[in-house]
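First chain A sits with chain B, and in the next complex the same chain sits with chain C.
This part shows the complex of A and B:
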């Protein structure tokens, strides 16, 4: 199908079938765990059953003696790395912490922390060997919450951790304190007629990618290594694995497999260096795959948090001041997304006076990893429900309140510089005009809530190659893996520029040796930045095609016009007939050889993303159960390349945000052990739990981008928890300040309100 | 997972003989068993595949209005069977609300009754709890949000069967077939309190299997309802479930009452005190409230599960009102 799209594009904006679709639905697509090599061994990881313990000794003799066991590694097999921020590839990271998360060094810091890894001839033998490894632990008190970790005299997780504020002599669990300030909040609150201040707690949650982490490592006798794995960034895996292993980056090749979901959680490394280390020790390829329990215990999650949010407005609804305090669980090592939380919490609004304090706090939980707009959903839960309350006080429709105060071009961002052209208010208008918001919600215990969200998006580096083949078909080679329609979107951009049929373009995702450096798929950057590179590489092809046509026609390149896939002389008339790409492709040998278009970008001028959502719920006041009746999201995509995949990103992020809001939660018991280590007890929504999510794509092009693209991957997860909380309030009159708003928690709030109502009635009697 | 062999018995007698050998497990739908194997909570040397036996996957009407349900009937089959829907709608609903369509296509009625509990301490291979021969129930001092509020101790699991409360309310019985022949017991007597033996949930002896489930005709005029409260819309175990089967006379008085709760106790939990309040009285909302109060009167919550009491109470009240055809009112 190639029904032509509106606003001047031929391919962009249409909905062709994705190139990887058939392989994926027929089971032919190769995911990380599908790789197998002759002589391959199977690895398993021994994990700490304690959340906080000194490791006194690790005895491996008995395990090594088990027939079939080929090697066992511990942190003693990894090089010691400097305990400071260092460059690894393109990012700055504390390599010591990274290495200590791969294999515990001296201390186990969370339930599930890797202690050792085994390679054996079968996964069952490797499992058996884990039981024969003897680890002597000295138990330490677990520190599970930011409150406990920040208390004076708290048990210390990382003895070398310091922060600037407390100085070089003070042991601490607070890795960083950030502050953002504008105007004078004290003065601002003086102007306010209404001030709302609330404290929020949000639970640690997991990305919930269905495909567990995996890696096959093959170490060659010549010192080179190859890693096959499912990742969001093959170049990140290469750089980080090289650093942890002490191998030169260029000696590692990473082959990215198809990826069964990542959502940010596959932007770091866990098994990859272990697979190489075990392969190096045994001389065999070694494959490791995690179980679901390992995924939940030791990868991913995003921070649980405590947030205090105070906002003030004048009677007529003008926001005048906001003061926020955020503390996020980093997990066992520094690096929570609290900075992003701080910079997004009031970003959608033009507020003259703000003061935001943010704390990155280590606790005995798994090291957090990125999760779709990391840190922003927690923050929006606080600010977007406080805003709803303010709108109610002011007697203003919550969408109008957002339009009155909304950020637009020129509004200063939390970090200072003003926004360029953004589409925030357009998303609010789109919800206002949606069939959903225009419909009337009736019935007992039903309520409607709205909320908005902001995410920065990033640009970063991408490379692309576009090849014109002798039959006129085109291959597009990129280094970004396919999450949510990457191949289709990139092929569409090339097809648009080259004027060829989308089915004549074949997109390929290359390994790290076969394409130029490409940064991780994160920050909603792939369509924006890799798409930009593909656009430029295709333009490079056009330039070369014109040169070749000029040669054939004995003209100058600027005397050739390229339009809709046809090359023609600039001056019409004469003998020369226009040529299609197919026609010229077969004659490339005679004009100088093959055509390869190349481009690299370090994309600047990224367009921030905004979304606004509307949710209808019905609450059962006897059980505390919330059912979502209807949900709609409006999001600014800049320019939707493949609208189906844009809608997919909007719906997917919203589904995750709704799960975060209603059910998802890590349950640690008072000993610091994770109790819900499977998807039956970690409650993610499925398609049976949610209504079909309605979408409205808003297109406010990003200035400077050749196609106006804005990243669409993340912001959709930001508003849903707050929108749910607002809807629940309008349904049953309780303001929820804790996530998830699961039946036990919501029922407690409803019963408390009912008891208060009865007490009041009794007092009145 | 440990290696095992799957064997196909020729007939029921050889199946029970095979199962009487040590270290054997019966394989039916395999839903819970595979979980147990993967988590190494069970490591049988042989799985005796009951699906090799013919005729155990049928629902038959036998004279006297009795429905004879084969143990290999799937939950979807049970939920969709016209005879079950017409005579025992609560039973059909209890099957229809379990898990997901995919699971209901595999899971069997026999497996649903004989499955092991979902307790996350029991399911953790690193924990040797009371149910696995250890000395304590870790739920007592641990995270007991999903544990028993009634009949607990020394183990505080809740029985996971969706079907059991409805079968008990229907006065159903089980034919158990073992090496020593067949015996028949009421479904209510099939389940074992942890006070008797915390290591098991039922009375099946080595080699014994559930050969049939027999559901008698409902009393004249009886109507039934099954309700469960879950955290999610689907694919979730109930926080509490309730079945009510009531028959009313012309005066609107209750002449037959069965109230059974699920997911609140280590065994399906019948509430005779609630039934007593209902019997002979005229059904209205106040009566339903009193019966629901009585059903939960003995509840003894642990540190994290008191929230289940009002939820269970609501389920009982609503099930009574629905079965009795009295409109509920939002609280």
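This part shows the complex of A and C:
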């Protein structure tokens, strides 16, 4: 461990070895699918081969008769739930829609929609049983795009769906229309010397976590159930599974396994209630795991979208107006991140006149789930490329353009109160000063692009306990899963407060019975909010340690000083010698018993995150293939607890954003069937596609947080697609308005430009 | 990278390890019953894609009468050499090597991710060469030395690469890590002094969605250096 870090911290800011490293490199770490129990059965899910169909009947007799098959369940085995927004645990959710996504009820709404689930003695027998289930479908026309879904007279997916605007009598596929407004855009555009308006289309993409979803359900005859699974939120799994199954929340215990990536996609439930239901029916533990095809077909990707973005600037580069229209694919049930898209689209800039309309639209695709800064990358693809065009029109460096118009403390947000202290401009400056941006890019068909991004971050609730053991070691117990260094960061915070060695702190992730409520690992909240709880719990230990020392010394607690892990009398001198935590730990029994520090937070005053990136590309004009030459990201972390993990989040989000920009897309055929259900066809970046991503951590502390932390997990994915589009423009002169900018799409655009150039030349002759 | 030369006694070993008398409810085969039904069995073998485990594309040999075999569809009992030990497995012939490792032997380090050989997370060594264990039937692994991540090193005696992965923080969620480590350890064995480009080539088939590739490359270079230092 490095001896010390800057800013007066001893542990925070250093880069200790992670606690879970050895288990993970030796194959011993247990992920959800690695659990096995005596008598365990294997479950499989029958999925609709049709994107849109009425389910006329489901016959299971033949499948049940297959030797080795122990139980089959359909939506008839789940309680009917109210078709309205209701509280489930800590969130409001339409429970009927949630239940219908676990097992289709009456209608299949996407290719891959679960119809039935089987438990059998082996996964192979369960697979065979699926083929013996007879389902009669009445096919309906699939509605695959927001344009088709919004047309008057469009085929309706959910007969009960209504929106406020169209009233209670009109069937619709538009679940919601949101509008955000400031100033007067018509007046604003009048002041503009340059106005750019473009329409963008972005494809549906998947988080691509490589660990497939999994769950082992064990139902006890006493009515209690235990679920082992890989999830971003064990308490979410408990609340939602309880609601879907009609079981009291307290009767379910969720044990979070190690998690092989989530990126937002593991914040809801799919297999978990099925594992419990099948276990209840069979009396055995039941394990379900998804295949890759199931993950792609039937878990929540993020929305494809259509976005129109119009922005105006004066000659000298001042942004005066922005008008945006966004329609996002929600999938089969309402709930796309279009609201977040709308609120982030121009958030980095102080624009006096804004009008943003946003539409949440159901289509015959899987119900979308969160994906790293949900909705913001789509939106930034639009606004950040339009801004690049405006900068070019104005003849201003694109980073200068951002500095001139950038949001800062006091700038009104698209919605809500003005920003507090934020570090947006600092990220722009960091890129401006980076070796990358200062370097010269030369060569044919090469270009450099920059872009910025904003993400809200969230706070929410976390619990933590910190135990001082008799040998002076410390355990930190939290309810947030370790998705990328959580254990190490939380242990570091406790070590910092208690003044102990990081290796004397053991972090543990507890099940839902063993720690207080802790909200989902999402919204970049874990280090911010759970870290806050750990900080307070460690302070609670300090308070108790002082009391104990006071008792031993026959003094008052405020006559004891705690510093760097040492307790000493406030008045130096005398016979009383300072005590370390290790020294007092062995004497706790004599001073009143063990010390357990505890804290819970409902963290307010969250610090929003900004990032700015720079990308160099080389485009092959004959094939349309883009090779990324160099990439750099600057991001405001508030305070980086473990800088390596902050960099890891920056690089990871950027890697995903670059894949989103260049290659990744859901490809549905004209029958609404997903055609790329494997990792060869759903093309995620390999090591050959990515450069080493350079990082610059900016630290503008979040006011109010004891350590100044800002969440760092998400914003890094927001700017990369737009930065790539800008780089491609500067390389080959075409403005891309569709994602992904895959070779066929880019080649088409290059050829179109070439043909236009030739026609112009011919006309001039 | 090249595979080790094949054991000349491979066929005999297979014949010795395959135990047709296993009490598993599956079809019992003797040499006699095999000869009686040889035609049908060959057809079945062809249909199921079951090939004599001795098939060697480098040096094709004519199949000997009695060397071909019929397995399945019920469970068969056979032996595998895994991490230096002989393990007896009873599994249907359709079960992959990955399936046997994870579901029958509790060796869950290798991960099931794509089931199509597209991501590298299930990589193990077969006679020292990296293979995707999801793409290989367990019965085809008979007679080969299989090494899994559990056999590469343990917490108290880690392989240089495992040490380097921890030291260089070459993992985020850790799910691709066993496969990455196995691919790289085979590569380092074949080429103890690799360039970054050669390391990239070795893990080009291993997907890391957390984006840790640069750290992985750094760890591989450090491990190679450490190993050379020891030698």
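Brief remarks follow.
Note that in this section the second predicted complex is superposed on the first by the 764 of 765 C-alpha atoms of A that agree within 3 Å, B and C clash if a C-alpha of one lies under 4 Å from a C-alpha of the other, contacts with A are read in each partner's own complex, and residues count from 1 in each chain.
Note that a contact is a pair of C-beta atoms (placed from the backbone, for glycine too) under 8 Å apart; a residue touches a chain by one contact, two chains touch by 3 or more.
The shown structure was predicted, so the numbers you read here are calculated from the model rather than taken from an experiment.
Applying the stated contact rule after C-alpha superposition, one finds that A:307 touches neither chain B nor chain C. Between chain B and chain C, the partner in contact with more residues of chain A is C. Once chain A of one complex is fitted onto chain A of the other, the partner contacts of A:444 are limited to chain B, with no touch recorded for chain C.
When the two structures are aligned on the shared chain, A:625 is found in touch with chain B, with no touch to chain C. When the two structures are aligned on the shared chain, A:124 is found in touch with chain B and with chain C.
In the superposed pair of complexes, A:686 makes contact with chain B and with chain C alike. When the shared chain is aligned, chain B comes close enough to touch A:751, but chain C does not. Of the two partner chains placed by superposition, only chain B is touched by A:742; chain C is not. For the contact definition in use here, the residues of chain A common to its chain B contact set and its chain C contact set are 124, 678, 680, 685-686, 688, 690. Across the interface of their complex, chain B is touched by residues 49, 124, 444-445, 620-625, 627, 662-663, 667-671, 675-678, 680-681, 683, 685-686, 688-690, 742-744, 747-748, 751 of chain A. Against chain A, in their complex, chain C makes its touches with residues 92, 94-95, 102-103, 106-116, 118-119, 121, 148-150, 152-155, 158, 162, 165-167, 169, 171-178, 181, 200, 203-217. Across the complex, chain A meets chain C through its residues 15, 17-18, 20-31, 33-34, 36, 122-124, 207-212, 258-261, 263, 289, 291-292, 483-485, 644, 648, 651-656, 678-680, 684-688, 690, 692-693. Remark: chain B residues 1-3, 100, 118, 120-121, 123-124, 126, 142-143, 145, 229-237, 239, 307, 310-311, 314-315, 318, 330-331 touch chain A in the complex.
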